[in-house]
Amino acid sequence: MTTAEKTKAAPRQRSDVILNYLRPKKKFPNVWCAGCGNGIVMSAIVRAIDKLALSKDEVAMVSGIGCSSRMPIYLDFNALHTTHGRALPFATGIKFAQPHMKVIVITGDGDALAIGGNHFIHACRRNIDITAILVNNYIYGMTGGQGSPTTPTAAFSTTTPYGNAEKHFDPCKLAEAAGASYVARATVYHAPQLEKAIMQAVDHRGFSLVEVISNCHTYFGRLNRLGDAVSMLKEYKEKSVTVARAKRMSPEELKDKHVIGTLYEDDKTEFCDEYQKIVDAQMGEK
Amino acid sequence: MEHKLLDRIEIPHDRFEIRLSGSGGQGMILGSVMLAEAIGTDYTKRVIQTQSYGPEARGGASKSDVVISSNEIYYPKAMQLDMLLTMTQESLDRYYGDLHKEGVLIVDSGLVTRIPTDNYYGLPFTRLAREEAGHVMVANVVALGAIAAFTGIVPRENLIEAVLSHAPRGTEDKNRAAVEIGYREAMKIAKKE
Amino acid sequence: MTESKAEQKPASEKKGKSKYDYSNGPPPLNINLAWCKACNICIALCPAQVFEPDRDGKPVLARGEDCNQCAICWVHCPDFAITSNYK
Amino acid sequence: MVDTQRKLLLGNLACVHGAIYAGMRFFAGYPITPSTEVAEGCSRELPRIGGRFIQMEDEIGSIGAVVGASVSGVKAMTATSGPGYSLMVENIGYAYMTETPCVIINVQRGGPSTGLPTKGSQSDTMQARWGPHGDYTAIAVAPSTVGDTVTETIRAFNLAERFRTPVTILLDEVISHQREMISLPKPGEHQVVDRVKPTASPEEFEPFAHTAGGVSPMPAYGEGYRYVITGLTHDAMGFTTNRPDEIKLKLDKLRNKILNFKSEITKLRIEMMDDAEIAFVSYGSVSRAVLLAVALARKAGVKVGMIQLYTVWPFPDEELRDYLVGCHKVIVPELNMGQVVREVGRILPPDTEIHSLLRYDGEILTPMQLLEKLEEVM
Amino acid sequence: MVDTQRKLLLGNLACVHGAIYAGMRFFAGYPITPSTEVAEGCSRELPRIGGRFIQMEDEIGSIGAVVGASVSGVKAMTATSGPGYSLMVENIGYAYMTETPCVIINVQRGGPSTGLPTKGSQSDTMQARWGPHGDYTAIAVAPSTVGDTVTETIRAFNLAERFRTPVTILLDEVISHQREMISLPKPGEHQVVDRVKPTASPEEFEPFAHTAGGVSPMPAYGEGYRYVITGLTHDAMGFTTNRPDEIKLKLDKLRNKILNFKSEITKLRIEMMDDAEIAFVSYGSVSRAVLLAVALARKAGVKVGMIQLYTVWPFPDEELRDYLVGCHKVIVPELNMGQVVREVGRILPPDTEIHSLLRYDGEILTPMQLLEKLEEVM
Amino acid sequence: MTTAEKTKAAPRQRSDVILNYLRPKKKFPNVWCAGCGNGIVMSAIVRAIDKLALSKDEVAMVSGIGCSSRMPIYLDFNALHTTHGRALPFATGIKFAQPHMKVIVITGDGDALAIGGNHFIHACRRNIDITAILVNNYIYGMTGGQGSPTTPTAAFSTTTPYGNAEKHFDPCKLAEAAGASYVARATVYHAPQLEKAIMQAVDHRGFSLVEVISNCHTYFGRLNRLGDAVSMLKEYKEKSVTVARAKRMSPEELKDKHVIGTLYEDDKTEFCDEYQKIVDAQMGEK
Amino acid sequence: MEHKLLDRIEIPHDRFEIRLSGSGGQGMILGSVMLAEAIGTDYTKRVIQTQSYGPEARGGASKSDVVISSNEIYYPKAMQLDMLLTMTQESLDRYYGDLHKEGVLIVDSGLVTRIPTDNYYGLPFTRLAREEAGHVMVANVVALGAIAAFTGIVPRENLIEAVLSHAPRGTEDKNRAAVEIGYREAMKIAKKE
Amino acid sequence: MTESKAEQKPASEKKGKSKYDYSNGPPPLNINLAWCKACNICIALCPAQVFEPDRDGKPVLARGEDCNQCAICWVHCPDFAITSNYK
């Protein structure tokens, strides 16, 4: 079944599906600031997993440290809330040890791309079957608004008080160059598209990245005068263009735009599968 | 050496301890910083301001203490509060026990409803901020104005100076007004009693 | 051209009218006020302008009958505070 | 050669054999002299028995993957040397906090920094106890020959599983690059311990329950217990907490589950201590030369004995002190600038004198040097 | 406010002020609670005085950049907390080996692992001594108030420059997030030490020369002395060596340049010890409460005193023992599970009894708890 | 002056120019195996620096750990032989503290791309004016032949005894995606082209990467039956195509080929320059 | 306790110590591994093989020791060599001092020229390997054959078995020949003396 | 076509012939045998086949007169053992 078919095959989803996936005994509401995009991402993930009809037991949700990385704590999967930046190696350990598991990594722009940048490119390179959901809010939320590797040049943060002198990464471009075999982008405004991207990513065999542009109005928004959660969401709506449309636009037109949709996909072989071949050959030889 | 050491010792209360408490977004920390700065203008006073965060980084309860003394402050944290401001029910429930039996309790009467004592001052700081000062953001400053009035620990002008030194450009008037409103409303109650 | 024009209905009609008949059931949505943090997202994004903020900024179903169950509010609620009573 | 168990075995490969014997089926590592043959050995052997080897991008990733594999229910280890161990300490701390069993082999070389990649040393001994930040209780074992590298590796895995904790094997270049003709243990010859699995239903399950022994049963991911593992301080449910009482409970648990069962962990080799007036206290590769020196000195009529610490951490305070009571003098020979000697000094009986014999020039202590020191302190 | 030097200063910003006073012009760091305001302060202040601030990709890179800046002749520092310090230890070891002056601030929070980001602790004390692998001698200082955070930061830079070595400042969340109205030091009020520059010609220059004091003059890159700096064990020329004699010389140098001048490094605060029968030995934030407890107990007639270790490492063995001789009892209060108490135990005079007062639940020790302990041991 | 002009302007270079740059008092020959490409790279670097007429004092040469990383020990510059993988942060410290210095980083495929991968992408992102010379021998030479992030899929190494199950990086592609502003490739067979690439890279303002494909016949060659140093050099000759020619070739034709020459170049602003503007503004404001 | 302890102790020489030394590429380590395995076939013998590297990882001097004893081997490293093989001048200069005064010195006479004693065996191992065994790579194996002959510590067949177990496919014959050549040439000299 | 043909000289002439007259000077190259590690690169790559290996595999100038100072040997010598006496 293709992902599209799965979506169709799934019974019509109830609006309260998320309640079936919240961890029993965990106190709610969540810790995030009012209006934080993390909650929107979290419910999109749940809807995607539900539509894919995965069993909760076969899902491992791994994260680093950051506001976004709190997500697995709330969800009723096998949850590993690791150290800052290191979610992917831990996830690699799980996936490689138990290749039948669906391993989903939740990570922030700081977590994945600053301290965790090396693990990020190597997970891409190995094309190991893990889905990374990178919640890109352009800032370190958890520690109070310092610049991150995606903080735009000239933008303000608590460590770039005179405007950022550095350039920023395009996480999707980086992932593709490093070897990821599925790369997509969405924003929290585009919740249905986000849900679809996550479904495709989880379904894809190989390393998949979904970059989600998400609002941290508390820090990034405030320091850069972008208004509250609502204004930021509305801005995402205005600034986003689909891959299809983007193809017809010039680089100038695309400046400051978020291109959303599936940016890259290929079907190269997956790491655990390749290793399994070695194991099979060696165990046969014995 | 004889025993019963503790019976012979009393920790001297040569200090005044203030706690501002509320939830994450209510500006309790900034409030206490401004208060401490305002008080510290007076050279004869030593001032230490501290805070602690709730169990998680975002939201949750937030408290901030200011300890004031004419002597050296050996122990920086509050031991028995002389004054407690609570802007939420949760913070009142949590910190009321730390208040000295003769200490002053001040609550945002618009947000806090269950109060375990009759001996308190209540003012609707948040509503006053929204309705009279022009923005809920300055509820903490309204409360500072009231504290100045209730305790007399800091002259109003010093408080205004400290508050303005932290006010983002363009919000000076709102902030000044907030102090005045808090001061005025508090004086009304204080006089009544 | 003509076809697409034909599709184009007056805005009020397209958005505001609910497809459902709520007369015999519960209100269209359930709002968990204990979880809601008054972020204003549902209120601002609802195409049918179903919500009004209460004193705390939390949504009340001011025009529940206009709700067309488009899902925008609940998929965007960061605190899982909105669920539909119908879908 | 009939006895297929008899082998000229490299110290580093002794780890591999011991680990596989103990059930290790997952290795993640990053090459570094003088530990590299551990990884290379695993890359050859593991696929043959259905296990998995991965070379990670660095040491931080290696220990991360090891923890990931372990929570998935697979016994896992990594091997490195000082520089790599230094990089691992944050995630080793995570394993302490999350109570994840795993084994880290540190094949010590001369330090600090890049130091002396091809020279043996015991200068990471204190790091094995205090490297990661924060409070926790460490277990570290120190083999002294190729033969006991096999058995100590098995023991390390058993301790890790028994106590749900990372265990460090303090090897050094001297042993790691030494080949010795030994007999590998036969199946059943050594006990193999596995972590305790929960019997409670998933609904009743508390992942970090405070049990009598302090060790909570540990399910593997995928077995139906879906719980949270976090490096933040947490309660019995695994949920993060800031409550003083719960914080204290957690930290006490990390300590008590180990220190209350120290007798299961401590392993000493005691030689000729009955009437000893002078004692050598040693650990790791140095112990071999001590054994010879002591035997020779005994022949010459000196009342000298030796205590070898197979378990270096937790430091066997009480046991060691008991043995040392009555000794006038104790000599602590080490291939470093004085580490375990500080610990011995801390627990020294009142009437015992302590002497340090240190070598840190890349060479090892010879029996003759040990005898010279003995003569000097006599 | 007339006195522009008078300021309600956050503990973390006290580091920034002290460092700039001492000549720091380069900061590289990675944010982490509860140290973040140090970085944020530097990002604001340094460009204003022609200095440079960079937020690196991680803590490993941060300490790397700091060392790079320092060999370029610029005084440099970084600030972090336990998890970040754990990541830095490999490169801190490199700074030990290459004798590169720099300052690392560790704003301690509860551990192990991610632990308690917003709660104070003193549980990284042993790590400051033993975190990096290999043999070296560490210097660490521990301020106890916002005021002495300024002066201890200046002292840390002075020690780093004087001894060509990394120096750790053991701050904790209690001080770092505390604001205190203090007067900043005026120019000239404190001595500022700079590294000694070579006088030899480039041809005759030996970068790691064995001088009488053990410290070799250090040119900046670009000043005409083109030499090699390496983390491999090296000779006086900086060339890698495997010769036992040269290895020993180098390691002895790392130790002796510090331990032979310990009196310049050790700083103790001694209060009411003249006739004390009981002594508190403390360091860091705890010391403030101790001071109050001691003063109160004295008033009640108890012969108690206090010794505060501003220098925690190298541990002031001899000095401390001298003060403790004659004390019947010593109490070591710490915000951890018992670290410095082990060191005090190691150097305890024969007739002194040692007591540990530990708190590790995220809260701090109150004067009342100290008094209770005092009563208990009396 | 352009790099080309500088080359022309320079007095005709003597064949023994390298002898002027060897560190006095250091024992020779070097430690490398007979025929190791590292020596060829080292002399190309010296010739390039000599042609650029840099003063030795203004050059800082920084390396990590590996066979290739031994280079700075032999050369009479300000040399910093750092920890494994960390050359770039140390170099960043030097460059940022003393922006007038020419900072050259020598690194291996393991050093730069395995343990050092994060620093690599971040130095690219910052576009800090450092030249990285990445000696890619497809293996860890120093530690005895383990696989590296460039070890080709299916190739043998001491840790891939059954053939490598992983994919490998293209360092140049990765650098470009991460933000480097000059990227070139050469092989040790193409010594003159290598020299030219190094000249251009050092002359370029911004982060520049020169990937040099280099022979480790001792490990990579032996384990993969590629013969001795000479055969490996000859293979580089056969397998290399210039950028110009590559443009006219199909992806299939390009498989297994080394594309050499300048692969990417742009003129985005440099990090130290941008920071200097902040300093100037702030100091002016005071 | 009396002093002069060391006078009363002699470290028993209940063991036989062999060192193979040369430069990095000459296969001294593999040589000693094969030798140790060959000797270890004999159950009555305990064998430990160790090595050390030059100051830098590549090239440089390389040495490898084999210690053989019928008793437990407490100290794994060589203390006084009973036999020293040197394949380069540098290694001879460096290690000659470690040889027991009655120990056996064996040198590659094609490469080592300055020899501080007359009491040695010299054979041109490298030349023999190149010219007679077919490849310089097996010079170490030629030397092993000679060691077997000179010392009698290991039967030739056991040595061949050990050598072949390490020989890459296709090189078996060269290796077997190498042992034989070394053995033969050594026997010639040994008999002569 | 014709032009490129004109360029094409017999291989021997193009490569083998030295442009230099060494009759009154030192040999064309200087080889530092102490540094040379006998890697064979110069010998194999020299287009004029100037070198022969000695017993140790190190290069000797067997046909020094054929050297055209093309630099290939010295830019490829990993041990900086070859320098020209002319250029």
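Per-chain numbering from 1; labels A, B, C, D, E, F, G and H assigned in written order.
Here is the rule we go by: a contact is a pair of C-beta atoms (placed from the backbone, for glycine too) under 8 Å apart; a residue touches a chain by one contact, two chains touch by 3 or more.
Just so you know, these numbers come straight off a predicted model, no measurement behind them.
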Quiz item: Smallest number of touch links from subunit A to reach subunit E?
Solution: 1
Quiz item: Are the chains other than subunit A still all joined, and if not, how do they split up?
Solution: B, D, E, F, G, H | C
Quiz item: Counting C-beta pairs in contact, which comes out ahead: B-E or D-F?
Solution: B-E
Exercise. Could you grab the centroid distance between subunit D and subunit H? Build each centroid from C-alpha atoms only and quote it in angstrom.
Key: 59
Quiz item: How many Å are there between the centre of subunit C and the centre of subunit H, using C-alpha atoms for each centre?
Solution: 85
Exercise. Express in whole angstrom the distance between the two chain centres, defined as the mean CA positions of subunit G and subunit H.
Key: 41
Quiz prompt | Gap in Å, rounded to a whole number, between the CA centres of subunit G and subunit C | solution = 88
Quiz item: Counting only residues that touch at least 2 other chains, which ones in subunit B make the list?
Solution: 56-57
Quiz item: Could you say which residues in subunit H touch two or more other chains, in rising order?
Solution: none
Quiz item: Which parts of subunit A, given as residue numbers and ranges, touch two or more other chains?
Solution: 32-33, 36, 83, 114-115, 117-118, 122, 142-143, 149, 162, 275, 278, 281-282
Self-check item: subunit D contact footprint on subunit G (complex, rising order)
Solution: 1, 3-6, 8-9, 11-12, 33, 36-37, 40-41, 43, 45-53, 57, 74-77, 79
Quiz prompt | In the complex with subunit E, residue positions of subunit F that touch it | solution = 23-27, 56-58, 60, 62, 72-73, 76-83, 86, 88-98, 100-101, 118-119, 122, 275, 278-279, 281-283, 285-286
Quiz item: Which part of subunit C faces subunit A closely enough to touch in the complex?
Solution: 34-41, 44-45, 71, 74-84, 87
Quiz item: Can you name the residues of subunit A that touch subunit F in the complex?
Solution: 114-118, 121-122, 125-127, 149, 162-163, 165-170, 173-174, 176-179, 268, 271, 274-275, 277-278, 281-282
Quiz item: subunit H touches which residues of subunit F in the complex?
Solution: 12, 14-16, 18-19, 22, 28-30, 32-40, 42-44, 47, 188-189, 191-192, 195, 228-230, 233-234
